[in-house]
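Taking it in order: structure first as structure tokens, then the write-up.
A, B, C and D label the chains in the order they appear, each numbered from 1.
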Amino acid sequence: MRSGFPLLAAQAGLHYLDSAATAQIHRDALDAVLRHETGSRANVMRGTYALADAADRAYESARGAAARFLNVAAEEIVFTSGATAALNLVAHSFGAGLQAGDRVLVSQAEHHSNFVPWLMLRERKGIALDVLPVRPDGQLDLGRLPQLLREETRLVALTQCSNVTGAITDVAAVVDAARRVGARVVLDGAQAVQHGPQDLRALGVDFYAFSGHKCFGPGGVGVLWGRAELLCTLPPFCGGGGMVGEVNLDGFSWAEAPRRFEAGTPPIAQAVGLAAALDWMMSLDWPRLRERETALCARLLDGLREIPGLRVLGSMAAEGRAPIVSFEIAGLHPHDICQVLDAHGLALRGGHHCAQPLLAALGVEACTRASLALYNDESDVAALLDGLRHAAKALR
Amino acid sequence: MSAGAELYQQAIKDWAGADHGHGRLDPADAAARTDNPLCGDRVQVTLRLDAGRITAFAQETRGCLLCRAAASLLAQRAPGMDAAAAAAASTALEELLAEGRDPPPAWQDLAMFAPARSYRSRHKCALLPFRALRQALEGVSHREQ
Amino acid sequence: MRSGFPLLAAQAGLHYLDSAATAQIHRDALDAVLRHETGSRANVMRGTYALADAADRAYESARGAAARFLNVAAEEIVFTSGATAALNLVAHSFGAGLQAGDRVLVSQAEHHSNFVPWLMLRERKGIALDVLPVRPDGQLDLGRLPQLLREETRLVALTQCSNVTGAITDVAAVVDAARRVGARVVLDGAQAVQHGPQDLRALGVDFYAFSGHKCFGPGGVGVLWGRAELLCTLPPFCGGGGMVGEVNLDGFSWAEAPRRFEAGTPPIAQAVGLAAALDWMMSLDWPRLRERETALCARLLDGLREIPGLRVLGSMAAEGRAPIVSFEIAGLHPHDICQVLDAHGLALRGGHHCAQPLLAALGVEACTRASLALYNDESDVAALLDGLRHAAKALR
Amino acid sequence: MSAGAELYQQAIKDWAGADHGHGRLDPADAAARTDNPLCGDRVQVTLRLDAGRITAFAQETRGCLLCRAAASLLAQRAPGMDAAAAAAASTALEELLAEGRDPPPAWQDLAMFAPARSYRSRHKCALLPFRALRQALEGVSHREQ
């Protein structure tokens, strides 16, 4: 598995445990980018020459791959520069229809990218923002939903998977509750996609966002999925080439979705690279891989239990979670821990992981995070446990 | 002649040059306009109808040879057609362009568009007048997809 | 020169004359992307491990390269996903401070990406939009500036170089006039950067936008430059990770510029690739290259004069312009022309080139565009002139 | 000991552990807070001054060992310093981290931060208390860059 990832193949001693921040790129994705840039590079706004046609085809077929990965229609796929851009798009395009009195429900477990856009929408539009709390085990307190979802709630913005605790949201329950008050649901899939293809039709949400760099693809590209019937009514977010029909001094008309939401030259080679990563992912045996990830996560959690003063944030169960484990060690600062781990070839991140509201709820300022992906194995976990014992010694 | 130029068979140039049905019916029983927002091409179709069948057809087309040839051809064939026939003609052209399928006997002239098959970005050009006709008949007048 | 561009090197028969849409990528840029993805890939939000540090360094040094290319300070460089995103950023962040009664001046020569954002701002904010007309020769009618610039004018948004006529704006005159009423100037440099490094301090503008894919770099990345004193006061545009100080349920504080404007994971490898392209460009002898471009453009214009029924949009002079030449040929549609040209290995684009207001002013719906870059030579021009003669024959 | 761990010399741990000057002066003549927004680290400095010279210094630091060691060291050295001296000390640390330049004799203890030189992302940790001091003395209280 590791050999498919050029960086990991080249750095044999590296224990990369920061895939929740950025996953390493798969060879297929890199090759696709290269192939595109050296064989099919042109802009995609319907040039009629052969190269432009090739670029168009490649870009539109990337849309198709993203659609297959999510089990949706290609016309529902909007390419963006990343998950953050996708979520901001929803906050602006869907948010444009909201007004004072309307409410948006977010959770306290959100990454800043699915939290700050709603704070900003509140400032812009005077809407009210409700916050679904997290329980001490890191799970969303879904029991509060009936009370927090009101008639005025127009949108629920939640993460599918926490980038700190690995907690997975019970999406069906949320969708069910949201439907009851007629609210739409935007799901932040940034942390979920790296653990396998998604079935959005089954999940039942209305919008979905993810980034290429977190699922073994290139950076600079992401996806917003939206239900066709929603996309075709929403106003555009950014203005520019490609998203218009007619433009004159008096105004402009909108192109059809999804191009209405893709102002300017899109990240073409990056979309093509992302498609290659998604195609590769779709070729894998996910039930088996998930089992493996769970087993590895169990081993990690077991090992962490043995480390004096260590507290895992959120659940200690290896099942029903993503293999993302954050922890604090009494008296040791995450920066210092990560520094010592780095000296042992371990790449982990310490800090607030762009989830300050969640960390506040869990009572910490910063924590150390280990996130596992399909290229990690037992040697990575063993090295981490070893490294933590070293760190405790070196730092006290 | 090299590829690409082969697209411009005499038949296409002739149909485009003839510009059959050029103009605008006023009053009209149905009308539709389709645009290609990416190049500004536009087809305006006006119709007179009797019991759902076309009795008069006019087109105003701003576009490339493929688009104009298609509009001109359509003008010759439209009288007598109903919505189903228009849809069938449009489908015949779509299938010709997408899959290379031979057009039905009544629409043999569509074969002049066959060389456009490998130029995907041009399919829309030839289809634009057909879409306008369908929209006019369906009584919808929304922007071309 | 051509050998430095992998796609052109591989396709010997290709006459690529669509660099105004997308320039081909330089080998150095592609290599830098590859090297980064296979050697330094990590997220850039201050991970403390060695790989994250390498990624941080690479990203920040890309900022430095962009700053050198524009003769500005690195802290003034905001990486975006492209010129369109950069211009929308200005329309939102600067536009947030505008209100009904304020005015923005744009020109009729703008690309949709520097036109539609201002139409949208007008809708959002109720500002007034004034439009500087173009003269029949394609030049902005700067004589109208004193009349159009009012005390209420807060911003002037102009292109440095038209993507249709190649006309170059007399920026000094615009800045001068704008200063007199206290208006800021945002310059759309999308078409200028592929013709050499820029000296923004000398130009005297306040904001500048460009895209990587138009200056031999990767797609998916662009730059917004803004004066430090402006950037440090402007509110953010998009919300997400990296652009905040503190976040809690009540609100959030802003990170310093430029990170305040870079929500989410930025296009890291793309910025690194762009920097390599810019470094390469900065190593070239631009006076000589410009002479060459001008000579080639002169040859093209001379040849076009000979073609019956051909009318060039804008100026027929080869001097004082970018080597972008658009034309119509009586009775021939640009799509048909481009199709025949394609059959002769010529990559040109026909259409409205995302500049409908300009084309309307010049009295055409669509035109054919030839744009020359540093890798073009006389054989390209000769082939084009030949191809046009063929097209005239084939299409009549 | 392997690289990285070498950063944590006993001196750093000792200074951090000592936590000199811990607390907050109230009333104070000057105060400043610096944050590292990327990890939530924070230094709060309060001062009493006499004719521009520090007569009392207190720090409340939430941060890593480097940050806490720097704050603690500063607490020991601050009394008697004026704005120029604080700036000089801060510059000495910056130059040590950026260029490896030896600190001046009065600030020999800064040498304990030398191993941090190759960890650029950690420079800010050690500098945070120094920046807070400078800001307090400059009477400005804006967010750390």
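Please note the rule applied: a contact is a pair of C-beta atoms (placed from the backbone, for glycine too) under 8 Å apart; a residue touches a chain by one contact, two chains touch by 3 or more.
As the structure is a prediction and not an experimental result, all values here were calculated from the model.
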item: If a chain touches chain A and chain B alike, it appears here; value: C
item: Contact-richer chain pair (by C-beta pairs counted) among C-D and A-D; value: A-D
item: Cα-centroid distance, chain C relative to chain D, in whole angstrom; value: 45
item: Averaged-CA centre spacing for the pair chain C and chain B, given as whole angstrom; value: 37
item: Distance from the mean Cα position of chain D to that of chain B, given in whole angstrom; value: 76
item: Residues within chain D bordering two or more other chains; value: 38-39, 119, 122
item: Overlap residues in chain A, where contacts from two or more other chains coincide; value: 45-48, 52, 244, 246, 335, 339, 342, 350-351, 356
item: Residues of chain A that touch chain B when the two form their complex; value: 45-48, 52-53, 56-57, 244-246, 253, 255-256
item: Chain C residues touching chain B - in the complex, by the definition given at the top; value: 333-336, 339-344, 350-352, 356, 359, 365-366, 390, 394-396
item: Chain A partner contacts - residues on chain D that touch it in the complex; value: 1-8, 13, 38-41, 62-66, 119, 122, 125
item: Chain C residues within the chain A interface of the complex; value: 6-7, 10, 14, 16, 18, 21-22, 24-25, 30, 33-34, 37-39, 41-43, 45-52, 81-85, 87-88, 91, 108, 111-113, 115-117, 119-120, 129, 131, 211, 213, 218-221, 236, 238-244, 246-249, 251-252, 263-270, 335, 338-339, 341-342, 346-351, 354, 356-357, 360
item: Chain D residues within the chain C interface of the complex; value: 35, 37-39, 119-122, 143, 145
